[in-house]
Structures are given as C-alpha cells and as structure tokens.
Amino acid sequence: MGSLISPFSRMIKMRKNLILYFTLGFPDQGTLESFSRRISQDEVDYVEFGFPSGNPVYDGPKIRGTHKTAMSNYRPEDGEKLFRDLLGKGIKLYSLTYYRDIRDDGGKFLSYLKREGFSGIIVPDLLVDYSDSAFSAIGRIHEAGLDFIPFFNPSTPDRIIKEISSKTGSWIYYGLQPSTGINVPFDTGEVAERINELVPGREINFGFGIRNNDQVRELVSYGASGVAIGTALIEMLSSGDEEAFYSYLKEMRGVLDGK
Amino acid sequence: MGSLISPFSRMIKMRKNLILYFTLGFPDQGTLESFSRRISQDEVDYVEFGFPSGNPVYDGPKIRGTHKTAMSNYRPEDGEKLFRDLLGKGIKLYSLTYYRDIRDDGGKFLSYLKREGFSGIIVPDLLVDYSDSAFSAIGRIHEAGLDFIPFFNPSTPDRIIKEISSKTGSWIYYGLQPSTGINVPFDTGEVAERINELVPGREINFGFGIRNNDQVRELVSYGASGVAIGTALIEMLSSGDEEAFYSYLKEMRGVLDGK
Amino acid sequence: MITSQAEDVIPDSWYNIVPDLPEQLAPPRDNTEDFSSIELLNRIIPKEVLRQEFTFKKFQKIPEEVAEAYRQIGRPTPLVRARNLEKFLGYKGKIFFKYEGATVTGSHKINTAIPQAYYAAQEGVNGIVTETGAGQWGTATALASSLYGMPSKVFMVGISYRQKPLRKKIMGIYGAQVFASPSSETKFGREMLGKDPDHPGSLGIAISEAVEYALENDYRYLLGSVMNSVLTHQSIIGLETKKQLEVLGEYPDALIGCVGGGSNFGGFTYPFIPDSREIDMIASTASEVPKFGKGEFKYDLLDTAGILPSMKMYSLGADFVPPPIYAGGLRYHAAAPSLSLLMQKGKIKHDEADEPAVKDALRVFSKTQGIVAAPESGHAIASAIKYAKESSNSGKTIVLNVSGHGLLDLSIFKDD
Amino acid sequence: MITSQAEDVIPDSWYNIVPDLPEQLAPPRDNTEDFSSIELLNRIIPKEVLRQEFTFKKFQKIPEEVAEAYRQIGRPTPLVRARNLEKFLGYKGKIFFKYEGATVTGSHKINTAIPQAYYAAQEGVNGIVTETGAGQWGTATALASSLYGMPSKVFMVGISYRQKPLRKKIMGIYGAQVFASPSSETKFGREMLGKDPDHPGSLGIAISEAVEYALENDYRYLLGSVMNSVLTHQSIIGLETKKQLEVLGEYPDALIGCVGGGSNFGGFTYPFIPDSREIDMIASTASEVPKFGKGEFKYDLLDTAGILPSMKMYSLGADFVPPPIYAGGLRYHAAAPSLSLLMQKGKIKHDEADEPAVKDALRVFSKTQGIVAAPESGHAIASAIKYAKESSNSGKTIVLNVSGHGLLDLSIFKDD
C-alpha cells in the first residue's frame, strides 16, 4: 500500500479476461450456436477458435478428440455464423492454429481471418517446430492486419520471450502445461511472477490446463490478466449442457472479479 | 669460527677414540696375543671383548661365526692374560655381553669384570628384550663398580635415549646398523647429528657396520667421539695377518686424527 | 587431485538449461490420439521430479537433505589434472578430468537417483522401480532407494542379467530385488516370455515392465537419463567442475564427455553455456550408435513400447537395434532433447569412437592415471586423446568428464 | 564428504613412529647362523626403502614427485561423517570414516607402492616383482610400476589366481605380468610344482618366488605391509585424517581399523600417538586369525620360507595355516613389530570379528553409506559398530578407517 504500488497491484484492479476456447465443429454446429448465445461481454472477453486440424500435436487428448469430430463436421459457413454473432456482442476473436496447417497456403488463411473479423492468431508450434521462420511468419501476420499473439510456456527460453514479445504489442498467451488439458505439477505463483518479470506491464493471459477456481484465483493474485478455458468446457459441450455452461461463465467471472 | 663455537667443533679438536672389538677365543689364543701385542695407546683407546655366547642374536653372521669358534676355544685364563696385557698399556676394557647370558648368574659376571679391571659393560639386548629390567640391571652394574655403556641405535626412541643417558655418565655406544657387520643404507651425517642433539656434549662412539675410512671421516666431521671396529678385523684375525692389522690401526688413527 | 571444502564446491542449486536454450524446447507429445502419456507421467514419476521436468526456473534449490546425501556418496567428486596422461601424450596444454567414478556407486547416475528417490520418499510412495541395461543406473537406484528406506525393484535386461552377475549382486547388496527382463512379474513381461521363453530382453521391454510395475503397485519409476529433470540434477557435475577450475584459475577451451542419453554430458557442460565463452563442447558417442552422425532430429519414442511420451531429439529410431557393444550405457537410440537442440544449433559438436579406439584409450588411462574407467567414459577419453593430438589444439585446456569406473565391467578386456 | 584443498591436506612428510615408541623396537634377526638375511635385503629392496626401514627420523620428507603421484591417484582420500550409519545405529555420537577405497586402485596399498616404486625407479632397477594374496597389493604394485615405466611381475597365490580372475585382469590392464604361484618361473616354484602339479600355493611360497625372481633378475621386491617403512608411508592416512578432523574442529575418542600386517592400522593411528591424548585405538582382526588374541609376542619369520629376517612381533607362527576366509588380506600370521610392541604395552587394544558379523557389517555399510567395503575393512566396520553399541561409548567421536572397497571381491556374497 502507500506509495509502493507495483504494476501487479495496478493490474489487479483492471477487469480480468475470461477467454473461451472452442474447436469449430465440435460437438456440432447446433450445440456451438446455443452455447454461443449464452456468451456476452458481461462475462467473456475473447473467444479462441481452433480450426479443425488433422494433427493438433500440442493439444491434449480431450481437445485432440474434438478435432477428430470437427474434421468431419465442420463447414466454413457454420463458423462464419458464430464469428458474426460473437463479434456483434463485442467479443474479440482469435484463432488457435498450427503453423504446419497454414504455412504453405500463401497467406490465404490469414486473409480469411482478417476478413472474418479476427483480432489475432495464436500459433503454438511456431516457436517450437518452425523457429527459423518465426520472424517472417510474424511479419506476414502483421501484414495481414492481425495481431500475433506470442505463445509461451515454461520451456520458452527467457531470451526468446523477450525477443518475441518485443516484436509485437499484443497480449501474450502463456501455456501453463506442455499441452492443453494436461496436468503436470507446477508452482502457479512462480510461473506467473516470472513471466511478469520478463515482460513487465504486458497483458498476459494464461491457459492450457486450467482446472479449478483456486488456480484462477492464484493466477489473478500473481497479476494474471486473464485465463483461457478450453478442456474444461468439453464435457459440457459433449452433453450439450448449456445451463451448466452458463453458470460456469458466471462463476468464473465472479472468481476473476475477486468475489 | 668467531664466537660461534658449537659443541661439535669443540669436540672435533679432542682426540677421537679408536675402539677395537674381539671375541675372546677367536680365532685362537695365540693369534689374539700377537694382535694384542700390536695394540698401544698411540692408536687405540678402548678394547671391547665379547665373551663367547651361544646365541649372539644382534651380531651379524661374521661375528656370530667367531662366537661359534670361541665357544670351544676359550679358556678364562687366556682372557685374563690379554686383559692384564692391555690394561698395562693403559687401554680401557669393556665387555660386550648379552643380558640373556648373565641375568641369572646373581651378579657373578659383573664382579668378575670388575676384578679383571674392566671399565664398563655394553649390553646390546637389554633395552630391547629386557626393557622392563633395564633400570634394575643398570643399578646392579653401577653397584658392581662398572660403567653401564648405553647401547643405542637408530631404532631407539628419543625418550629412551634421554632417559637412559641421564641414568649414567659414561660414554654412549651408538650402533649404526641393526646388527654388527651388516650394511643397510643410512645417512651417516643425519644419524650423528641427531644423537648429538639428543645428548649434547656427551661422548658418543659409533660402531656396528663401520666399513671404510670415508665413513669414519664423515662421522668425525659430525662430532663423533670415536669409532668401534669389529667385523673389519675378522679377516685379519682369521688369516693371522698381524702386519695388516698393525697398518690398519695406523691408518685408522690417521683418519681419526684428520690426516 | 584438486578439491576444496565440500561446502564450497557443492552448489546450492542445480542448473536448468531450458530457459537459456537458444530456442524453445519442443514439448513432449503423446503417442496416441485418445490417451495422454504425458498425463500418465503423474502416476509414474514423483511429482516434484515432474515439476522440475517442465520448470522455467534456471536454478533449482538442492534440498539440504539431498546436499547431505551428496556429501555422503562422495561429492564433490575430484577434478584431477591428468599429468601422467599429458606426459604420455606429450601434450603441451593441460588436461583435467572430472571423476564421477569416485561416487560410491561408481558413476554419475547417483546424482539424479538421490533427488528422485528423495522426492518419492517425501510423497510416501510404496517403492521404487526402474529398468537397467548396463547396470549403473540400477545400482544407483538401488542405493538411493535404500538410503530413503524404500523397497526397490530393478528390471534388468535379461542378457545383461546373465552376463553381469556382479551388477546383479551389488544391486542385491544395496537391497534391490532384481528381475531378469522380460520377467513373469508383469503382464507385458509374461507376454514376451510367452513368445520366447529365452527372450534376451531389451531396454524397451525393461522400461515397459518397470512402468507397468509402477502403475500396478503405486510405485514410482525413476528416470535414468534423457529427461530435463535428470540433466538438471546432473548439472552438479559441471557446477562443481566450474568451481574447482575457478579455484585453480583455469577455464576450459574444450569440454569433452560421452553421450548415452546425454545426462552426464549435459550435466557437465551446460553450466558453462551461460558464460557465452568460446568452448569446444564435444559429445562423444559410440561409432556403433551414431545418433548424431546418422540420427535424425525429430519427435521419437522414448521407450520402444511407447508408454512414455515422444520427444523431439536426435534419434536413430526407437526400433534401432544397437550392436551388442561393450559400452552398454551408450546403446540408447536417442539423446536428450536439450542436447539435441544444442547440437542441431551447432553449439555442441560431436565425435565418434569405436571399440578398438576406446579399448586403447581405457588402457592408456589405466596405466597413466590408474583409473579403469567405465567403457562409456572410455569414449570421452578416446575423443579427448584425439582432440589433444590435433596440432591446432596444442596448448589448450581440455576438461573431460569420466562418468564412471569400469571395475564391474572388466569383462570387456576378456580377450586380452 | 569433507575434504580440503589437496595442498593443505596431503602432508609434506610421512611420520615414523619408531622414535616415539614407548620402547626400543627389537631389531630384525637373521634366521641362520652363517648367512645374513638382513644384509640380503640390500639386493632385494630399494635402497631408500631400506634406509627408511631403519631410520631414527620422525619425519621423512615426501618427494615432490611422490606427492604429485599421490594427488594423481586420489589423495587426499575423503573423510566422511557417516551420518546414515549413525542414524541406522541410533548412535548419539559422531562416526567418521576415512575412505582409502577412494584411491584409484581401491585400497591404501597404493600409498606405499608408489614411493617404493619411485625409489626403485630412481635407482634404475630392471623391474619390480612382488607377491599377492588377495590381490590388492599386486594391483597397487602393478600400477605404481607402470607409473614409473618399469615392468612388473606379480606372483599371485595360485588359488586366488583361479578364484579372482578380476584381480588378475586389472593387474594385467595396469601392465603387470601375473603368474600363478607356484610357477615355473623360479627354481623354488618348479620345486613345489614338482611335488604337486596342482599346488594351491601360499603367501609364503609366493614371497619366496618373488624374492628369488628379484635376486635372479636384479629386480626389486616391494614390501606390502609389516615393515616400518611401509607403516611410515601409510602414515599419510592418519596425517590426512588429523588435518581433516582439525578443519572440522573434531578430535577422535576412538580410532578403529583392521589389521592384516598392520599397515593401514598403523598408518591411520600412529600420527595421533605423539599427542598423548586419551584415544581408544582398536585393532580389529579376523577371529579366524587371532594374532593378538592367541598369538605370541616373539621373534618369528616374516615369510614361511625364511628368506627374509625374523622380527619380534605378535605371531601365530609362520607355519600357521589360516582358514580360507573371505578377507584374504587378514590371513597373515603376524603383525608389524611396532604395532605388536604398542599392543603388548597396552597402548592399543584389539577386537576380533568373525565372518557373519563382518558380512552383516558390510551390508549395513553398503545400505547406509553406499560403499561396498573390502572384506578386510569389514572387520573395522564390524568393530566400530560393536564399539558404538556399547553404552559406555555413547556420544563419543569414532573415526574408522575403511581401507578399501570390495568391488572386486563381491564373490564373498556368493550364497546370498
């Protein structure tokens, strides 16, 4: 207190982001639409969409499962309907896409995202499997008018975090686990403090493996800007339990708001 | 030089002792008498006599050999003739005797030595094999009117050297080798310096294994009071070479006198 | 032999290379679509080890109990100026060697077995299980388990079990129960035996049995190499070496070690990497298992059975059948992901040594330094000798890691 | 593990107990009337060693070349607080152990092999020859000879030669030529073989062959134990220990070691004797070879053949036939003259440990401290455990000497 207000305590006063992840086409368009209807700016800030991928290598088995379904279910026009709906409610859209799926398409996918109103793109395999192309890829994303959302995790070297962060002004996606939905032990506080130390003042949203409210509270207390929820939604989606979804959003918003 | 005159350099100026050792009865009375005739105070200071022993354990093979001959040859009256002869020429007599040979004789041998004009007795096995009896034995020797000549060698502990030396005022016999006539390597200078350090100012004569003139010169240069020659005489005795003996005495005296 | 007060030489913390790598380490991958072998690690590996596996932290505090155990088992190990070897080679520079064979179990393996067993004991698990090929790892695991009062089971590759009775014996003395793998202790083992009652076994099968045993009995499985956490624990080798060199006012021009899974090499060299000074870091592999020379940098299985996740690393393929070389510890098909990445980025070089060169090197080292080194370490020695003989390296300061002694592997000198 | 800078721990000089003994040491004696085996030593033993054998000097400067060799072979050896053993025993005091198994040849024997070989090399002799029973001494001799570029021959007791192939192998790796004794290399050996082509050999015969070989080939024979000069060289154990304890601010209440010929025990304890402080010094022998318990303090032969002089010592008689115990190094019939004298004067106590107690002690030490000690050292450990368990010794500071590792003797655990 007093005059010693850290950047973290300042950030704590801002509204924390709730980010939802959906795989397009899972479990089916109807369910997605009805879930989408429950989403509003009251609770949710961003929605990330995973475009169906034949090989979502850094996703855990649950999200991998959604891609399998999605690969056969998904039709572009279905997605576009969702995008319009959410954009209309002031929700920002991001795409979670593997670089391996788009590197050879001559920028078609990026232009598509831009056209559809996406704010940015998260590319989890870029720094890992295509690090030599990272700068040119980031350039092309920026050229397409999209934010490149750096995707880091505890294995990302400090130097890379600094370098990549400095190449872009957008928020940062910090994956807590080696892949989505996985739960290996780590010290939430340490992780959050460290990334805040490396890129001070930056908006950092945490994802990959967030399971419970306590964890969210802890992240927030360590200065997280928000959390992304994906795997935790899959069961509700599978069972089509819209109500459960809605009360989950309320509850999570409450947690994020420190209630 | 100057004012720094060490006890050693003072001692160097005194006449150095030439001590001869004979086993009584070796090789025969005649030879011993003729050798004895060649002995005079001009060269020789003390004569040590070994009385024939059945088991001269700390003698080397050459002297052991003399005892074997002596055991059958020796008659007391022969010895007594030699003693008188040498005493008459002013030579001091010492007996080299194993304690094992006299410990049970009720002091008869000590009285005998005294009667015969001996100055003292050297008992090489006393401190080794009969150390518990050492003080009482020394007492009895002194009571008999004889000098107890401490017999030390490089294996004698410092404490023992000091203790035994302090119990008696006579000269010290320092055996350079583990047994007579043996030649294992050692550093003459170091040995001489060390014993002089332990009993400073004391008359120390060296014996057991003295072989050549250089060694004698070295001992003298390190402050030895004299040397005892035994094994080196055996061949001359065996061959009855009186002349060789006589010139050996002359030569050794020269060496001792620093010529 | 140069050592300083143990207190000054044994570091406070292990060093984790991951945050200092030139690039992001590729995360592990599951092998099948509908099952997460990464998640399964939670049931196999002690929690704290798993945490260390994925931590961003450069320094990991060594618990005081572990530091004490390190002192008990012979740490710090000596750093020795190999003057006799220098003389023998007529080498103008200096050759030092760090001697991990001085630990009580005779190799660096104990450096990670101790913390892993310690963390497992803290969690109150039922016991420890692992596999072993050459036997060094099983030996270290057996002792570490015993130090923390836990039962231990070791699945030893069948053919080694029969060829290395001394290894089996010493594990037994340390209190381990040793099974020839494939064994009838596990479903997987019984299956293999069903196919061939005289099955010679393989590391892959032994790992599979150990992991199955861990899952069935709520035991924990200890990792012997390859994983980050193991390399982090092994950093004690390099941290001590740095300190010992510092005391002498020395700094290496070259660091040379052997590579099986990469743990002794990584542990030895990594602490020098943040210095960003010019050092030739040379990883010596067996010519017969040319993982860097002929391997590919790709995601591959850690274990032949594919129970554990895949990692991105230099690999000859999980189905690579290594020739039955004397240096059992170098037969692994791949190298640690961090080491592989550094190799791929050219930060680390590699060399290969074959059996005759290694035997020669072992003899030279025995006769000059008196140490009968482990066959694995013989590769490091062979590469160091080769390095010292190159005229362009004249006058350099070479530091080599001798990962173990070979007293229980003397049979390699059979024919002489 | 506690060590300090090698430079500070390795002493400048060895310590010779002889001038500090409570009584004069009895000189050696010849065995036959007309021949001096004492004098013969000149042709058998390196001159400087012989000089040291009979010197009055308390301190014998360690030549710089020997000091360097000591560093090369692993000196100073560690002094370790045996915390795990303390815990296991519930002992209230402190237990330290000095670990001579940390030398490259695995025992204290190298401490004297090096200076003896060094002095021999200085004299330009043709080569080195010795005998070995258990193999530790032959191993040390082989390496020491190799370090000074001299050929070495080892006459190994035939039965050991056949039972301990690893020992033979390691001597071979170090460059020694090893003969099963009796051998056809010597007249004496051929004579024995003539009587019995399958002769199992004995230490006495092996010494005889080695000495004959030395005389015939102008080789020098190295002494493994018993002699003063050997105990003087071994004083490095105790001098280092004293220094290492000093650094820790500790002083022993008890010093415990095992006794074969007495060299590791004497080397370990003697440097504490001039302090004249109250220390229980306990010499542990094999119950099966009770040289202090049942032996007599008398002049006796050093070697069964009687080529070497007699010494006054505790002996079971040179013709004592020891049972074939696992601890080959403790089978010698007598103990060093200086040690015998101190024992007779009550300055040193003795204890006996039998095979079951020793095996137990070895297992406990393995599981707690991770060290598979030599069977010989197992006696020291067994006696230390016994000492620690006596209530009157509660809270004391026990320092024990672990003279070697037992990795090449694992066969003693055969039946388990």
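Odds and ends about this structure:
Going in written order, the chains are labelled A, B, C and D, and every chain counts its residues from 1.
Please note the rule applied: contacts are C-beta pairs under 8 Å (C-beta built on N, C-alpha and C of every residue); 3 or more make two chains touch, one makes a residue touch a chain.
Note that the structure is predicted; figures quoted are calculated from it, not measured.
Within the contact network of the assembly, the step distance from chain A to chain D comes to 2. If each chain is reduced to the centroid of its CA atoms, chain A and chain C end up 38 Å from each other.
Centre to centre, using the average C-alpha position, chain B and chain C are separated by 71 Å. Separating the CA-averaged centres of chain C and chain D is a span of 35 Å. Counting partner chains per residue, chain C has no residue touching two or more of them. The set of chain B residues that touch two or more partner chains is empty. Taken as a contact graph, with one node per protein chain and an edge wherever two chains touch, the assembly forms an open path, each chain linked only to its neighbours along a line. Taken pair by pair, the chains that touch are A-C, B-D, C-D.
Against chain B, the residues of chain D that register as touching in their complex are 18-30, 33-36, 38-39, 41-42, 47-48, 50-51, 53-57, 312.
Here chain A touches chain C in the complex through residues 57-58, 60-61, 64-65, 68, 127-129, 131, 152-160, 177-179, 181-187, 190-191, 194, going by the rule given at the top.
Residue ranges on chain D touching chain C, taken from their complex, read 1-6, 68, 71-76, 78, 80-84, 102, 104-106, 110, 143, 146-147, 166, 169-170, 172-175, 247, 362-363, 366-372, 407-408, 410, 413, 416.
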